[in-house]
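Each chain carries a letter (A, B, C, D, E and F) given by its place in the written order, and its residues are counted from 1.
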Amino acid sequence: MNDELRDYLIHEEPYYRPVGDEVELYEAAYSVRMPMMLKGPTGCGKTRFVEYMAWRLGKPLITVACNEDMTASDLVGRFLLDAEGTRWQDGPLALAARFGAICYLDEVVEARQDTTVVIHPLTDNRRVLPLERKGELVHAHEDFQVVISYNPGYQSLMKDLKQSTKQRFGALDFNYPAHDLETEIVSHETGVSADIAGKLVSVAERARNLKGHGLDEGISTRMLVYAGSLIHKGVAPLAACRMALVRPITDDPDMRDALDAAVTTFF
Amino acid sequence: MNDELRDYLIHEEPYYRPVGDEVELYEAAYSVRMPMMLKGPTGCGKTRFVEYMAWRLGKPLITVACNEDMTASDLVGRFLLDAEGTRWQDGPLALAARFGAICYLDEVVEARQDTTVVIHPLTDNRRVLPLERKGELVHAHEDFQVVISYNPGYQSLMKDLKQSTKQRFGALDFNYPAHDLETEIVSHETGVSADIAGKLVSVAERARNLKGHGLDEGISTRMLVYAGSLIHKGVAPLAACRMALVRPITDDPDMRDALDAAVTTFF
Amino acid sequence: MNDELRDYLIHEEPYYRPVGDEVELYEAAYSVRMPMMLKGPTGCGKTRFVEYMAWRLGKPLITVACNEDMTASDLVGRFLLDAEGTRWQDGPLALAARFGAICYLDEVVEARQDTTVVIHPLTDNRRVLPLERKGELVHAHEDFQVVISYNPGYQSLMKDLKQSTKQRFGALDFNYPAHDLETEIVSHETGVSADIAGKLVSVAERARNLKGHGLDEGISTRMLVYAGSLIHKGVAPLAACRMALVRPITDDPDMRDALDAAVTTFF
Amino acid sequence: MNDELRDYLIHEEPYYRPVGDEVELYEAAYSVRMPMMLKGPTGCGKTRFVEYMAWRLGKPLITVACNEDMTASDLVGRFLLDAEGTRWQDGPLALAARFGAICYLDEVVEARQDTTVVIHPLTDNRRVLPLERKGELVHAHEDFQVVISYNPGYQSLMKDLKQSTKQRFGALDFNYPAHDLETEIVSHETGVSADIAGKLVSVAERARNLKGHGLDEGISTRMLVYAGSLIHKGVAPLAACRMALVRPITDDPDMRDALDAAVTTFF
Amino acid sequence: MNDELRDYLIHEEPYYRPVGDEVELYEAAYSVRMPMMLKGPTGCGKTRFVEYMAWRLGKPLITVACNEDMTASDLVGRFLLDAEGTRWQDGPLALAARFGAICYLDEVVEARQDTTVVIHPLTDNRRVLPLERKGELVHAHEDFQVVISYNPGYQSLMKDLKQSTKQRFGALDFNYPAHDLETEIVSHETGVSADIAGKLVSVAERARNLKGHGLDEGISTRMLVYAGSLIHKGVAPLAACRMALVRPITDDPDMRDALDAAVTTFF
Amino acid sequence: MNDELRDYLIHEEPYYRPVGDEVELYEAAYSVRMPMMLKGPTGCGKTRFVEYMAWRLGKPLITVACNEDMTASDLVGRFLLDAEGTRWQDGPLALAARFGAICYLDEVVEARQDTTVVIHPLTDNRRVLPLERKGELVHAHEDFQVVISYNPGYQSLMKDLKQSTKQRFGALDFNYPAHDLETEIVSHETGVSADIAGKLVSVAERARNLKGHGLDEGISTRMLVYAGSLIHKGVAPLAACRMALVRPITDDPDMRDALDAAVTTFF
């Protein structure tokens, strides 16, 4: 493996509990280097899944947190000036394509649609990346794959992928894990007992039912891990839930009451 | 041929199955160096056609994936700074014009109308490209031709070519291939049997009828190739179709049901 | 003549057929160096006319294809960095003013109104161009003249010249040539017989009547030359007309039928 | 401790009076390095609390006053040019992550949502900061923590944190202190008697009741400290209150009368 | 006089015919260095008047054609890079202030209001120009004066001077000259007889009555000079008027007929 | 005192006539280094007051004319490139904070709200200015104070200070001086007799009553000083008033008649 990518290898197995056949489907997709789109709500484990798959496949993983300021140059690369003049620096996408990594564009809808267009020639049978500013045509390494994550709840007229982008990806749906599995995850990640972890999951399930009825998003697995960690450090469960589950996601007094009531029901 | 363009020659015949007289018409257009506009939906084979024609004519092909961030400088070139000061670097359009390539502006409506204006002097009888920043007037090489692709489904008040741009091009219409031809293409590109390929095409035809009735775009030939590749790798047809044909293009539950039903009808 | 402008001289007489007294009027205007505005639809011959006049007057012609990205610096010039530091590079307007060329701003309404303001001091009795960034006041060469083209069909609240700009120009109206003259032009430029050329002109005349009734612009002389060239290369007239006259300007099925019907009427 | 951060250590105990269990909760959150969000109105003591906690924990504190012009580069770092060419300069976020400080993003909603995205990989279990432009992946120091402040009164469709950002933080609510505690604070900070301090607090309480009824915000503790300081310097209480409490927050004559009446009620 | 300004001295008396006491009023204003605002329609002689006054007072004149792209730096100056590093270059306003010229901001409403703010400290009793980027405070030379031109017909909500800018100027109104005076001017500037000049003025007067009734602006004195020049060169009066007076200002067929009729009435 | 600030000291007492206890209140505010906001209409003497106070306190005064183009870097400083590479240049705010000046942000609402945020850490008890780009934390000099001016008449949804900014300032109201005081000021500043000065003030008072009834702003003291100066130079009072008081502030014929009538009433 090229030295440039050595830092991006994942050496320890990330903790990931499969919820269905997503591991096998991803492996099949990778075997034909199909670009992949992971769909699902915030904090349900999409990023962890990609880390797990990269570890399992033994491929380096380059992650890009997309944002609206991101330009095509941030992905592709740019000229930098040093003592000898301008020097080309590959961006994360060019690095991954040139030397063979999985390139993961996290929250891709946050990037402007027009930035996203630069991945097109890498996601059809050409598998090339034209570096127009450098005058080079990078032919993607055989290990290279593009993966994007996508939260359908954010879809709007302003922020969505173009059809011509979507059609370049296979898609896998993700959601919060089932009760027992999520309990196991929370307990494993925080050290709290299965009993406490189960109560936290029950609180989250109540909140997830409020999504669209006053809450923009439910309580994610990641938030449960925060609450469990506080409890494991000795914070009272009520205080931990208020601080980690309720206060962060709403300032509406009625909604706060509803969520606090859910907490006291279980603790 | 100039060294600068050697990388852009296509050495192996791209797999392309003509659907009508488009090959002969393009050859006639190229013989008078008429700028060409290829119209049709995403993933129906426009890019493959240009690659095939470039190979057939033995001319280098420089492809530019247009996007809204693209400036005139990205097409025409710019000054770069190195140890000796500023140095001019031709953009893809200038490179193609100077040394004689086919310059293919893919998804040209994605570029701002005002960027597109720089191709005007190359697309009338002058066939020149003024590099105003360099103070040079490039007279196009006799092999040079401009080709653009254009998806009429995207036409809107905000995104369309100007009349003064459109009038500079001859136009060819493209669409998804007829059933038997598309079946042959999917089978050839993926290795699945004609039977399975035909079923995939039938699924696509159902989806294409839903265009405008809940789907923005139908399922493209490219997507069928993805699904076929998964099946050829051993993925179950239902899972492969969900992952490659249905999940990527819609999150609407009803639409997903309709498409899933189409899949189970044929598999 | 200054070496800088030698490339911009037109050595061969451009083919131009006068339609009225426009040649004499332009010569009178040039004799008093009156800035000129050429008005008329896309592709009716305005650019060819300027080339012809520049050839006839023996003056170099610098053409600028205006676009909305164009800044005042693109016209006037800028500092470039080289090994000795910054170096001034005249833009096309400064070059023309300094050494004495006709400067032709094509499709001037495409430039932002505010960019256009830089030509003001060159288009009144001062005939100077202040290079504020360089701290120089260029007094225009006695041969210098500004010419702009302008398509009244594009006039809108957003895109129009300011009154204070318009008042600085004499104006000449252009339109498509009369039937016989246009037939002669098409035949001369493509090699097709007068009979075929006349039929093409008749098709165009039908389409021009549809302008404002479903078509944004009619079929231009330039498009007829494209169609004629294809026919001269052996393409069947119906296919040539569809490709060069109909497909480029509309995707509306009814309008396409109407235009196709016009084509079959004459061929 | 790294030299780079020595300037950011707080050597003297900041004056802070706890209003509840916020000190213990913050310590528990820090012990698991949970990113924290401090919610509350302008001038109620959020910044002072962070300074106090940084002093108490013995960690350096890097504060960033967020604004809409702030780019991701302002947080993460950029290349600077010096005699040897470009040199990387860590931004405050990279500095804090690399060497282990508490990084406090004050008034984080003022930054554009898209800038805020750069803190995502630092606020989940990855705790990394990718410096894409430098091609480096910074693994956060074990002392590093992100804290943001947030005024719920500013929430609007245009300016709010994304759900995917909010879910990465534990939250603590802040408000103006209770009457006696605020009186003690004002007296301590300004040197005026408890009697005068209490009257100032009473004026503020009246104004806070007008919030949403003609006033956008109430009178903050910070403003009371200003008024008290003026009185301690010998300015008459009425003049001090007009200058420090009333004139700054409203130009509406009725509202000024109402506030002036409140002042004269107590002084 | 400083060498920097020698190019901006006007050596020959500009042809200017006073229409009232504007010369004396301007001299009084200059004697107290009152900033001046010249109000009136396009092409009525405001620029010529400033040139005449500068010549009469023996002061150099630096003219800036304002436009929306103009930044404060374009007026004030900027750092340029050369072999020794950055070097400050005064903009026209700084040059005029430093060495003592009349600085004429032509069509000042075209500049953004916020750019205009940089003249404020030069137009009150401070008479200073802070060069913040250079860290210098320029005290204006005793000969320095600011003059702006302003077309009230352009006033709109979007484009107007701020009150805080307007209040810094004395104002003089300008309009087209009276019939006999304008006749004399046209005859003097073009060489045509007083009879022809008078007819041209009569045509203009008709057109000026149509302002607001289909014409945005009337025909200016400058346009009459254009028409007269063409006639003096031998162009037939009707053709000269169409080209120089009618075609440039309107494309409306009815308005063109009305103006053509006015022309034939007098010629 | 530091050499950097020596140019900003005011050596001669500015002419200022107090209208109330504003001098004492400002001195008390300065003694506790309270940031100050001066509110009032254009041209009523706010800037002169700050100059007077700076002279009285013996502190240097750095004035910044705020505008919408102003960036945080313009206030704080930036890196400049010279022969040895980049060099930091303090902006006016950093200069004042570092070495101890009064920093006066004139017409602060003209700056974008987000730029204004950079003064926050200097206007609470921290009194620091983080230079993020330089990686330095400037602790304000003990003499440093921020003063801003603010015209409530400009308040609008688009242009207003944020509450979190307003709450950091004590405020003083300013208005035009009373009749006798303004008469004394006009006479002192221009040399005209008290009789003439009084008449000018009477004209202004009439105009100020029209504010909001056709006039955006009344006639300011500064304008009266212009008119008086012209009269003192021998211009007839009617002409002087038209030029300095009426023509600059309105183009509306009725309003001009009303103001001209006011002038003839008194002269």
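One rule holds in what follows: a contact is a pair of C-beta atoms (placed from the backbone, for glycine too) under 8 Å apart; a residue touches a chain by one contact, two chains touch by 3 or more.
Only a predicted model underlies this, so the values are computations on that prediction, with no experimental measurement involved.
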So, in whole Å, the Cα centroid of subunit B is separated from that of subunit E by 52
Provide the C-alpha centroid distance between subunit C and subunit E, rounded to the nearest whole angstrom. 30
With centres defined as the mean C-alpha position, give me the subunit A-subunit D separation in Å. 30
Shared interface positions of subunit F, touching two or more other chains: 81, 84
What's the contact topology between the chains, one of line, ring, star, complete, other? ring
Beginning with subunit B and continuing through subunit C, what order do the ring chains follow? B, C, E, F, D, A
Any idea which subunit C residues touch subunit B in the complex? 7-8, 42-43, 47-48, 63-69, 74, 78, 80-84, 89-92, 95, 106-107, 110, 151, 216-217, 219-220, 222-223, 225-226, 229-230, 233-235, 239, 243-244, 247-249, 251
Give every residue of subunit D touching subunit A within the complex, in rising order. 21, 25, 28-29, 31-32, 34, 37, 39, 71-72, 79, 81, 84-86, 112-115, 117-118, 120-121, 124-126, 130, 132-133, 135, 137, 152, 155, 163-164, 166-173
